[in-house]
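Both of the next two complexes hold chain A, though its partner changes from chain B to chain C.
On to the complex of A and B.
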């Protein structure tokens, strides 16, 4: 059962806790499919979204999740707030705390920012992405999508391809997947997948085509176009030729492999438009599942103080 | 309510007693609604579900019509969530039909404070606008905290607040019986 005040990353969760979140997300998804998507569960609870990095999908997903459960939400985006007037993270957090939120969702460009807030706030904290550290809710929605499509994940093979070095999504996925017994293979050019990434304890390779046979899931990571200016890969066309996912390339898996992408996609770069539109791609379903998983987390993190009666 | 700890005081119903009570409830449902045309059954998790299935079998045996049956998990509608520390496990609801204009029979094992029934009423209403909602329970043990009563009752059992009613069903507990337990004195 769930006993934590915060969700900061998957590294510190047990497989039983991860499975509990996934099992809770299933009834939440059923509620999302109803004509009336509104519950009284968290009536009177307040969820604040504190976003220091631009984000539309993650913030909207959290907001929707909180609202379906009946909580009230407030969103604080960095550009319009006092953050741009020089206030420190801690002062902003204290000011927010004075407004008595029950849960704070935070995204920040610094690794560890969510943990810092969690240590200073009485309210629960959900990490919606901190620097290059973790993005646990994205990984949980990826796990949920795989679990729903493939059943028990132990023994399955997942290939994650792209800019692993800068990806908190990849890190959280590696923690979650390995805890559930999945064989993970990370793929990318040496500049974006340096040898040090082996500390994550999974296989790291540079040749996508050789890693594909037997893969149950292939996940493409978003290629941040500014990495090219940094000289980490020569051209989009060359990157795409070596690491872009296409239907043709996917035949190598020899299976009806699921294709995933955390979005937003660069069509024609890390994934071909044709593959992204094919039935193998579950990219839109990942978005729906994101709301369900965030509903589960908001529910689990907003308990009271007394003991369970039944 | 089963799974609660306590010392056995008496057996209130055995398997035969339960079967007869459910048979009577099945007949009463048909009689009160003049048939089963608009009737749908919804079992409240957990033990309301097997009880609803049995009522359905009975009605289908003598009325021939197939009766829709749904499953409702009321956890997200509980009124004590902000008080308890560890959130209770949420299970899936599965009501694969529209309740619009229907006579919904909610089925549960025990009617006690009425808070579960209140939650089930709200949960049902969020699925649509039924014509009527009726409540069927195997045991009514009294001690209501809300103005709620059952339309169909298997057995009325006056209890003290220290007593526990434990409904056991074959599908979950391995036997059909209703037990009266006494809470253990404070440790």
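On to the complex of A and C.
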């Protein structure tokens, strides 16, 4: 079923492949919920984490996933090592290759960096976020969370609100959700959701309140506060008034809508504290599911078949 | 003496596109005729050694002139130097090239301009004329000593690679350069609009998650430059026009009588933003490859004379610099050795650009615009000639390129239509595709 050396993005996966990942993640989550969570499945396999952007959450999630499966992990803290000496990604790839990893997890500030690394490594590569391009494992954990809560996703409506332009999470989610038959609506101010985003093939609108009715899921994107200095929005106050999620606002959906956020949250900006703490918000469950989905991916990319887990 | 026999001469300057024999004696063209007999040639040679080149089935052009190249010397000789750039030029059919001033240090004083000219003499291949910068250190502030640079041999002034954002400084440059009679070449780009961009802003950039450079980043500055040229009566040439908005602005300005010239690069006529992928660093260039509609507008502008010249913007980089993620690779495409073949194959063969227009835009017009030798095939003119074989096929490989760089999107591809003989001042510097130093 799984034929790829790498996981670079969801744009190039089929719906069957996405569903296969989600189905593989289900038993992984069960393992994760056991009191003794350690499997010998991937004993002797080496998973390297190569993070050019600081992200404790994502890196820890991958490390945990690899360790539960019994793989050895190494984190290459790039910021403190060769990058400051100006080593290129190609040289880093060559050095990594010499250490014979089975899988490399990379996060990098440049769109396309994961694909670049995949082209230069025999090992599999998992994209843990490349520039503004894709963040496929985040989208897969979002899909898994929705699938667990809502069942079959075809025909459901998901509203994604915020800084879509700069968001690799939004891009990956759009590819994944649309392949599964979900109606996606992107919401943000024109400066963060310009017209050309229509290329993603989904509805793009600027008015959140009018898009909410009927939404099964509303996902808030993290707002980088520096965007205010860059002139993309005038103030947090105005942003939050137009696009901040609150319990009051969520009533417009007319449904018990799920509220999601890729984290870390700016409470009081893109999401109110009371909504984030409410039972509608599945933000902490997203974190658990993140480990399960990453276990599934590490498992599939190091050559696991669907049967070994059971 | 050289006797180039039976080729189809394409010389827009004399309105000729027909079979001609051309005789070259010393540095100059001696005679052009429909046909010379052995006796006539023997009499003209008068005992001098006679070498004959059969041009049947081939075209003879006046040597092509490329007004926009980056030769990287002094300072970045790992990318290119004047000798390798001049060799690449004749390998690609160019007898004269103009070298941009954004070297390290930039060509902002007479000594550096004279250094480039002395390196050109050592190389002994294509004619190389340097631009001086417009401002000291290319900082966009104080003007260079334009009179001194002009005396030293600068062919014009350009801060190419950067834009002079301060409109008053640019206006003053257009005014002061009148003392020299030389043109100012503008790299028209609004730095704030272009900031951090990787490729043309549009749907394809949105899909790839790459920051875009909007067409307005160019057009805003083209509009400014045109207004200032009109107001000052200055001598303005616009480099590497890439967008349909800029074409429309130039067309309207020319209709109003503004004296201005503009160039287009082959890559903007052949590729568009949809050809980029996240790993295609050989297509990363500034200004960026724009939309298919922009590409059409550029070709239309070239064909109706809105755009005067074709120029390569030959921008060599090392392999290592381009072996990076797209966002981190430098901007630039090499062009000297592939541009003629690519334009031939992609535009002339499908009938979108005539042979006459190609030669006019790449030889006749550049010679007139920059007041250069060459650009026509007439008795008494310097013998800068290209014998072009439309059937010659060649795979573009790093080993066969004379440039130090290989950052061309045609690497590994076969192209058809190459220069096989090139003469510069009567010297056969390219013979059967091999560069021969004097």
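Following the convention adopted for this analysis, the second predicted complex is superposed on the first by the 303 of 310 C-alpha atoms of A that agree within 3 Å, B and C clash if a C-alpha of one lies under 4 Å from a C-alpha of the other, contacts with A are read in each partner's own complex, and residues count from 1 in each chain.
Just so we're on the same page, a contact is a pair of C-beta atoms (placed from the backbone, for glycine too) under 8 Å apart; a residue touches a chain by one contact, two chains touch by 3 or more.
This is a predicted model, so every value here is computed, not measured.
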Dominant contact partner of chain A by residue count, chain C or chain B: B
Partner chain(s) touched by A:16 [first = chain B, second = chain C, both, neither]: neither
Partner chain(s) touched by A:98 [first = chain B, second = chain C, both, neither]: neither
First (chain B), second (chain C), both or neither touched by A:26: first
Contacts of A:131 with chain B and chain C, given as first, second, both or neither: second
Footprint overlap on chain A, comparing chain B with chain C: none
Touching residues on chain C, where the partner in the complex is chain A: 198, 201-212, 277-279, 320, 323-328
Partner chain B, residues of chain A touching it in the complex: 1-3, 20, 23-24, 26-28, 30-31, 34-36, 38-42, 44-45, 69, 296, 299-300, 302-310
Touching residues on chain B, where the partner in the complex is chain A: 1, 73, 76-77, 80-94, 122, 126-128
Residue numbers on chain A that touch chain C, as the complex places them: 88-90, 108-113, 115-116, 119, 130-134, 165, 168, 171, 194, 196-200
